[in-house]
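Presented below is the structure to which this report refers.
A, B, C and D label the chains in the order they appear, each numbered from 1.
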Amino acid sequence: MIRVLVTGGTFDKEYNELNGRLFFRDSHVPEMLRLGRCHVEVIVQTLMMIDSLEMTARERAQIVEACRAADEGQIVITHGTDTMVETARVLADAFPPNGPKTIVLTGAMVPYAFGSSDGLFNLGSAISFVQVLPAGVYVAMNGRSFRWDCVKKNHETGVFEALCEAPSPSPEPRIPSR
Amino acid sequence: MIRVLVTGGTFDKEYNELNGRLFFRDSHVPEMLRLGRCHVEVIVQTLMMIDSLEMTARERAQIVEACRAADEGQIVITHGTDTMVETARVLADAFPPNGPKTIVLTGAMVPYAFGSSDGLFNLGSAISFVQVLPAGVYVAMNGRSFRWDCVKKNHETGVFEALCEAPSPSPEPRIPSR
Amino acid sequence: MIRVLVTGGTFDKEYNELNGRLFFRDSHVPEMLRLGRCHVEVIVQTLMMIDSLEMTARERAQIVEACRAADEGQIVITHGTDTMVETARVLADAFPPNGPKTIVLTGAMVPYAFGSSDGLFNLGSAISFVQVLPAGVYVAMNGRSFRWDCVKKNHETGVFEALCEAPSPSPEPRIPSR
Amino acid sequence: MIRVLVTGGTFDKEYNELNGRLFFRDSHVPEMLRLGRCHVEVIVQTLMMIDSLEMTARERAQIVEACRAADEGQIVITHGTDTMVETARVLADAFPPNGPKTIVLTGAMVPYAFGSSDGLFNLGSAISFVQVLPAGVYVAMNGRSFRWDCVKKNHETGVFEALCEAPSPSPEPRIPSR
């Protein structure tokens, strides 16, 4: 069982045709999981619907709290890309590598509701990584997974880049069951 | 570095507007990787463009040969879903779990060129699983990964189902490097 | 008030993900009118859902009957492109140029449910032509309107071509009211 | 022959994935005409790429000038919806009903590049109306055509509404040739 925590971000932005601005309504995550014919058991929980630039310590504490309250050991968080790494850092303080939870943050460069979004690819990626990565906090973007302390978003190119080269051993690698 | 071997399947079918039939042209995989803003290094190689119901021992031998010839240890194969498990079985004979290669087969229920395709989700999933799963042959569909010998396609529902419940130990689990 | 008579055709075909064949379910016309933010009053009536190659004299009689029974003077018919001109001919026998009805047939080369369909463009075109053209029977395809007796489908190119060059005077041109 | 003058507007807005803002690049009109399998001869000319709220007397004079310079008697103008009626008014001063030109303005509530755009429907509509309406200046939105002096955009609902009920006679109704 995987829990998906929705926090908003570009992923879920929509176009308001009356004023030409982007806004949030309901999350597209359930529809995207249907489209992906996802048959992993997933619980989707919307925590907030905000741009990640508006995220403060208060919202991050709320995310940590939701992870703590979750029964599931595998958690995917949809999040705006601008401050995704910052939230990952806060989560890493609360959920160490040798703990019981694998947490994967993901997002999108283009809203799912628009053409040419990377959202569906990224959701497929995050749902997959969370099932096989050992406990710890990760970012899944651009087809890759990054440990929370080995990644930054390059704001010029919009691409997430690795800060570490070498593999870091992890205490309890999860062995794929299926 | 990941090698993607394209064999056709629903994934890459298109609509011929002159005769109303489905057909193959070029693979959509490169476009899909662009859309997914995939920044893993990927080589895409088209082996054939056929419906998996037309696949015979000859084509399967060709796929095995291409995997053997590949320098990469991580291989994703796009394949029609109807006989995907059969091809996985043939590959498993050639590439044992304690070998040097992780091979993940994926496909789609609806052509990528049509609306509402699961293709982009599945490609994101396969590209992710192949980076983390230990050596061996797997099927990545419906958001899950299945060992080749623990999966069948339910032809009534179109869903891939696990045949094994318990985790199977694998000799050399790959430790995520990033 | 415009009446849209749905008969099926490529317009409304969908992809059956279990057997890989195209099939009909409900018409997409209501959704397309919503997408086009169409605020003309339109009644959508589904007569049949068939490929136009399967259309016989019996179905064409049914279409004529539905046009006759309609209170509206403006009728759009969605129809497969292969025998659209044949149905137009049958309608022209029943509805002469100096009669009370403007009837416009339209269709699509690619199903609306798939990417890259011409359906939405054609529906916008047909809905527009039917409001302005004088009484008579027309085909609206490829951004043009054709009188029923001045058009054929080029089956090599998929394009509808005019058989007449010169404008033909019509007894009662409709003067645009708005 | 129809000339399409592109001025920008929501029609042609795109999503900048680096800063999350909407912006203009090249017009989508040529691609949309291809998608619509439009086989009317059309010349597309980009005059400017701006939001219609930024349009001043200077830009409107430029549009009038481009219409005057055009050899074609049928002109479609893509335009932001917010001030479309204002531009129509300026054009009507320059191009009277008994003149040689039929000018149809159209636009979109949602950018074409996003999902669920009305753009393709509206372009099909405008391309059709311009071929059959008598000389004069019109707005084509919501599946309808409106004379420039009989229309306003309802900014609460985003819908264009008729201000006149009765048909207005036009000096030289165009008789459909095909």
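Quick note on the criterion: a contact is a pair of C-beta atoms (placed from the backbone, for glycine too) under 8 Å apart; a residue touches a chain by one contact, two chains touch by 3 or more.
This is a predicted model, so every value here is computed, not measured.
Seen from the Cα centre of chain D, the chain whose own Cα centre is farthest off is B.
The mean-CA centres of chain A and chain D are about 42 angstrom from one another, to the nearest whole unit.
Centres computed as Cα averages put chain A at a distance of 47 Å from chain C.
In whole angstrom, the spacing between the mean C-alpha positions of chain C and chain D is 24.
Counting only residues that touch two or more partner chains, chain D has 109, 116, 158. Every pair of chains in contact is given here: A-B, A-D, B-C, C-D.
Here chain D touches chain A in the complex through residues 10, 13, 15, 17-18, 20, 22, 51, 109-111, 113-116, 155-158, going by the rule given at the top.
By the touch criterion given at the top, residues 32-33, 35-40, 42, 109, 116-118, 120-129, 131-134, 138, 140-147, 150-151, 158-160, 162, 164, 166-170, 173-178 of chain B touch chain A in their complex.
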